[in-house]
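First subunit A sits with subunit B, and in the next complex the same chain sits with subunit C.
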Partner chain A sequence: MNKKMSKAASSEQRWGWFMVAPTIIGLLVLNVWPFIQTIWASFCEHLGFGHYRFIGLDNYINMFQNADFWKATGNTLLFVVLTVPVGIFLSLLVAVMLNAKVKFKGGFRTIFFLPMVCAPAAVTMVWRWIFNADYGVLNQIFGTHVKWITDPNVALISCAVVAIWSAIGYDAVLLLSGLQNISKSYYEAASIDGAGKIKQFFSITLPMVSPTLFVTMIMRLMASLKVYDLIYMMVEETNPALTNVQSLIYLFYRESFVAGSRGSGSAIAVWTVLLIGIATVFQFWGQKKWVNYEV
Partner chain B sequence: MKKIARLMAAALAAALLLSTAGCGSADGKTHLTFQIWDVFQRDGMQAVCDAYTAQHPDVVIEVQVTSWNEYWTKLEAAGESNTMPDIFWMHTDQILYYADFGILADLTDVYDEVDPDFFTKHYSDISIGNASGTDGRIYGIPKDKDNVVLVYNKEMFDAAGVAYPDETWTWDDLTDASAKVYAATGKYGYMAYNDEQLGYWNFVYQKGGYILDPETNIHAGYTQPATMEAIKYYVDLQKNDWCPNQAYFAETSPGTAFLAGQGSMYFEGSWNLLPNMLNYPDMVGKWDIAPLPACPDPDSGDGRATISNGLCYATAARGKNLEIVKDVLRFFGSEEGQRIQGESGAAIPAYLGLEDSWTTQFQKLDYLLDVQVCYDQFDHVVQYINNASRRKWKPTVADEMVRVYNGSNIEESLARMQAIADSYVTTD
Partner chain C sequence: MKTKSLEGSRRSTKIVTYAALIIGSVIMIFPFLWMILTSLKTQTESIQVPPTIFPKELIFSNFTDAINSLPFVNMYVNTILMIVFRVIFAVVFSSMAGYAFAKLNFKGKNILFGIVLMQMMLPSQIFIIPQYQMVAKLGMANSIAALVFPGIVSAFGTFFLRQAYLGIPNEIAEAAYLDGCNQWQAFYKVMAPLTTSSVAALTVFTAVFAYSDLMWPLVVNSDLNMMTLSSGLATLRGQFSTNFPVLMAGSLLAMLPMVILYLFFQKQFIEGIAMTGGK
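Here is the complex of A and B:
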């Protein structure tokens, strides 16, 4: 081995580590270590102020016997089913339209992106006014009396609507960047061959944008499984629809910070991570079937 | 390369030094932080602090406001890492958790040099109880006290030709008036919603029942006959046309509905009266307050009760400036400190005999609310319900209460609530 080379190489390596250190340290301190602590806490009873007592699997046993927990798991999965497919479809639709030759394209892009800029708390407050059964705009317009956020059968759908509305802009911008990478020559060639707009969409646009679509889907799925702030703001603890809307992370919050049982709260967090892990594994396995990485 | 690294390290070290220097007191004064959760009381608290710092120019106190929900998450984390604010408000819901864990400084003998009986002379048993740990030691200087009153809309009563509520009212008068107002104006009557302190607790104690048995304060009483009857009565109020249902209240609180002119009566905490006067100037003069209606046929007692809570000022047991903070707290609990608080309109002082200093701010308004009602009601107050295990069963019992409002069998639900509360007694 050349001594001089190895010195230069090791110097470069050191600098490499130095440069990524802020990110790595941040990740270790803010993500990895708390995650290990959470796993540990899930086997403990929280006595108060950071003191824990090991109790083995009790938290998990209690959790799996708790009807509210299963209800929350069901609510969360239902929320994913309600938001991800519809949300992604609408985002793609918006992205395709924003990519077309329309007037005020910049204006439309800004408008669609706006919900992303607003604070989720403010967004939810406005939607609560819109949804208000007695005085809300929505019921006034349609002359109905639907209890959008207090009817146990409707509340989760209302939450999903707000979630989709908030996320469309961001997802559409991501997809738009994917769409803009598609070379125009494909469409020209297709037109010459006599393919219509719809045929072009399914044969060119969809396969070419599929890598971006895949990333967007993974992100949206994770965000939906972790939904908390929206439901927390939308549905208060005395709302009759609470148990039909409560997501896993909402339940985690109430266990950990309202009841102060951080041990059982941690068990819910670990379960949620597990769910996200399984869903992501399935997605990566499924991507082979439909995601196209050849340009 | 090495030079650059050294330079950067030096720069980083310098930055660190500078930032730590910023924390110290550059002006030689003691800087204290004072954390509260009610933005409405900020000026009042500032006035009390200013009075202290005027006498002690070497102390600076900064009042910080955090919203209620964040307050407890933050305070607990701060307690864990020993970085608590120098002075902070304590709520009855939380004090036992903090005090029993040794987080709060024991303040029992803080007035020993002034007067060993200071607390019992100047504060009611309820105020002292709300500021004590399970061990009976005092962990907070009583700050204020409150109770629950009946708020009514005068215009709607006039329109329906019903006499205003007074101290002779019973539950029957409440429901009669509700029906009449609803029939005459189409506006809601008494708005009974799912709430403990501003709701069914009052009815339970009026009826002669209890949530926690008064003798030991350990066992819950959800299946005690008077308690069951009172809760059932209260929940069933929503079956009347003149009372909105829980779905309505989940979106529109009774206070909001009342101040928007949608309903004629609701229960309100005395602490919200002044904010309501100030925040809804259009409504000033259109409403007033009355004592809570009494139970007409109590199983025991005279049928009168109103829940009374109170906050206290606390400090950390391991605080850095404990001696100075104790001196500040001594002032907060003194006659002068309490009077300033009352006159600022922040809350009714806990200090006995200073209650009506709270009237000062009301007198400045166009319409003088009958605040004497609040003072008179202290003769019938019931201490805010709490014990060491309530914190743990509170959310589960609250969930069960939601089920009751959703139509589940009330006897079965109350039995479950009892079982939930009991399960924490045996493990303790």
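Here is the complex of A and C:
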């Protein structure tokens, strides 16, 4: 009997290995090994054709002395500050409204979610047109002449607007699924006690949805720290606002694939990963103060 | 008296809610509408001050201009093939691994699952230079294989389908063994069919993200004929930097297939993305 069991167990073991093999081999080749290589390359100079020479900390020293690098780090953090709080607030607002008894709920949801299925490359194109300083409809409507995407002081804000517009439906759908899990009986009890809608929101909705809110925020934070495609499409490399707008990953792309300095590009990538790691740790540390897992 | 005022406040909340939703919807829809309207104008009309809302006459030459300056047929084919292969790989390999991680006991399971989690935590850009070097070394640049390459396995898919299999009671697999199924048959014939909604969600997720991806196709396929819709549009931006009607026509052509799919399968799209949320 015992022998038979162990035979079954060993067959299970073989099947287990067999079934995870494609994924694990793929991850080792496509992710684990490249991860090690990128870290190694960040201590090397790229000599061309995939050959590297070890140069110690030079890439990092150069990077930390480079004004553009600090500017890109600042831009990325500013982008996070501009997009995450406002974006999450608006998404929660949309989700709460869609959770109420409204007609055409499905229609509204479809509309808000629409940017999600459009490639950022395509939607930023129309935003460039709307934001165009000379003929763009935004300046025409307001009779202004703001250089929305070429003024170094404004361009990042314009990018943030597009980012919020693009993500609102997605975040709202995630939050909506959290809201729908809140039992109606809480609200009924609160109504009987005479609590108004606003009081109900802060004492029932917000604490009950906080785990979903936390996940959505983490996700939005990570996406904002990695922002690239939207800014790349909005602000081309000849744009005078480039250094005031480019994110770390945009700088990484230009350094690695336009300038071809893969060593210093790798150093930027490592730095970005560290930044994301720190931000995530802070979020998980901060969540104890406001996320409610009691339910 | 009291009920009346309560009713009144309820009605005013309702009006505010509808007003906010309608204003929000207009803001969401306007860029798409403006894209369509502009794509039907001549360039002269598009830069007219004050602007016209509706085109004076419908011009379709912007679409032919966009098609003539970019190989749209190739771009559609490349994008579709990239999506199809990535979806097949993600679904097949992630189902296998997700099942094994959820239901089977084997040595090293936790360490191997740690690799899956690690990949999920790290941004894809950290892998991209060495991945590109592999593609270049294998002589695969400018090919469909290159577009599919980083998507052959999906750590997220594995994690996501593992959750799906964890939700299926063990008794179902055990019943299959009693009926004489081996591990593979229990997985393939009994368990996998129970995960269809999760597989559908993973399909939508994989397709939308592959379609939106910009950096990898830009890096790996520089030949215009091998570009995806996203990377091709980035090229169009450079060619027609000021001819907005053509740019709008090109963007519309690039968006249309996915938007049409979305309008037909909106429930699957939205629920799929909501299910996979967290990535």
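Here, the second predicted complex is superposed on the first by the 265 of 295 C-alpha atoms of A that agree within 3 Å, B and C clash if a C-alpha of one lies under 4 Å from a C-alpha of the other, contacts with A are read in each partner's own complex, and residues count from 1 in each chain.
Note that in this section contacts are C-beta pairs under 8 Å (C-beta built on N, C-alpha and C of every residue); 3 or more make two chains touch, one makes a residue touch a chain.
The shown structure was predicted, so the numbers you read here are calculated from the model rather than taken from an experiment.
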Return fit or clash for subunit B versus subunit C, each positioned on subunit A through the superposition.
clash
First, second, both or neither for A:Met97, with subunit B first and subunit C second:
second
Which partner does A:Gly48 reach: the first (subunit B), the second (subunit C), both, or neither?
first
A:Gln140 contacts which: subunit B (first), subunit C (second), both, neither?
second
Is A:Ile204 touching the first partner subunit B, the second partner subunit C, both, or neither of them?
neither
Which partner does A:Asp68 reach: the first (subunit B), the second (subunit C), both, or neither?
first
Have a look at where A:Phe257 lands relative to subunit B and subunit C in the superposition and call it first, second, both or neither.
both
Which partner does A:Ile111 contact after superposing on A: first (subunit B), second (subunit C), both, neither?
second
Based on the superposed arrangement, let me know which partner A:Leu242 touches: subunit B (first), subunit C (second), both, or neither?
first
Which partner reaches more residues of subunit A (counting touched residues only), subunit B or subunit C
C
Regarding the shared-chain residue A:Asp151, is it in contact with subunit B (first), subunit C (second), both, or neither?
first
Overlap of subunit C and subunit B interfaces on subunit A (superposed complexes)
11, 15, 50, 128, 132, 134-135, 236, 257
Name, in rising order, each residue of subunit A that touches subunit B in their complex.
11, 15, 48-50, 68, 128, 131-135, 147, 149-152, 235-243, 254-255, 257-261
Provide the residue numbers of subunit A that touch subunit C in the complex, in ascending order.
9, 11-17, 19-20, 22-24, 26-35, 37-38, 41, 50, 93-94, 97-98, 100, 102, 106, 108-123, 125-130, 132, 134-135, 137, 140, 165, 168-170, 173-174, 176-177, 197, 215-216, 219, 222, 225-226, 228-229, 232-233, 236, 249, 252-253, 256-257, 262, 265-266, 269-270, 272-273, 276
In the complex of these two chains, what residues of subunit C are touching subunit A?
13-14, 17-18, 20-21, 24-25, 27-29, 31-32, 34-35, 38, 46-47, 49-51, 93-94, 96-97, 99-101, 104-107, 109, 112, 115-116, 118-119, 122-123, 125-134, 136-137, 149-150, 152-155, 158, 182-184, 187, 208, 211-212, 214-215, 218-219, 229-231, 233-234, 237-238, 244, 247-248, 250-252, 254-255, 258-259, 261-263, 266, 269-270, 273-274, 277-279
Residue ranges of subunit B touching subunit A (in the complex, touch as defined):
1, 72-73, 76, 79-80, 97, 101, 103, 193-195, 246-252, 391-392, 394-396, 398-399, 401-403, 405-406
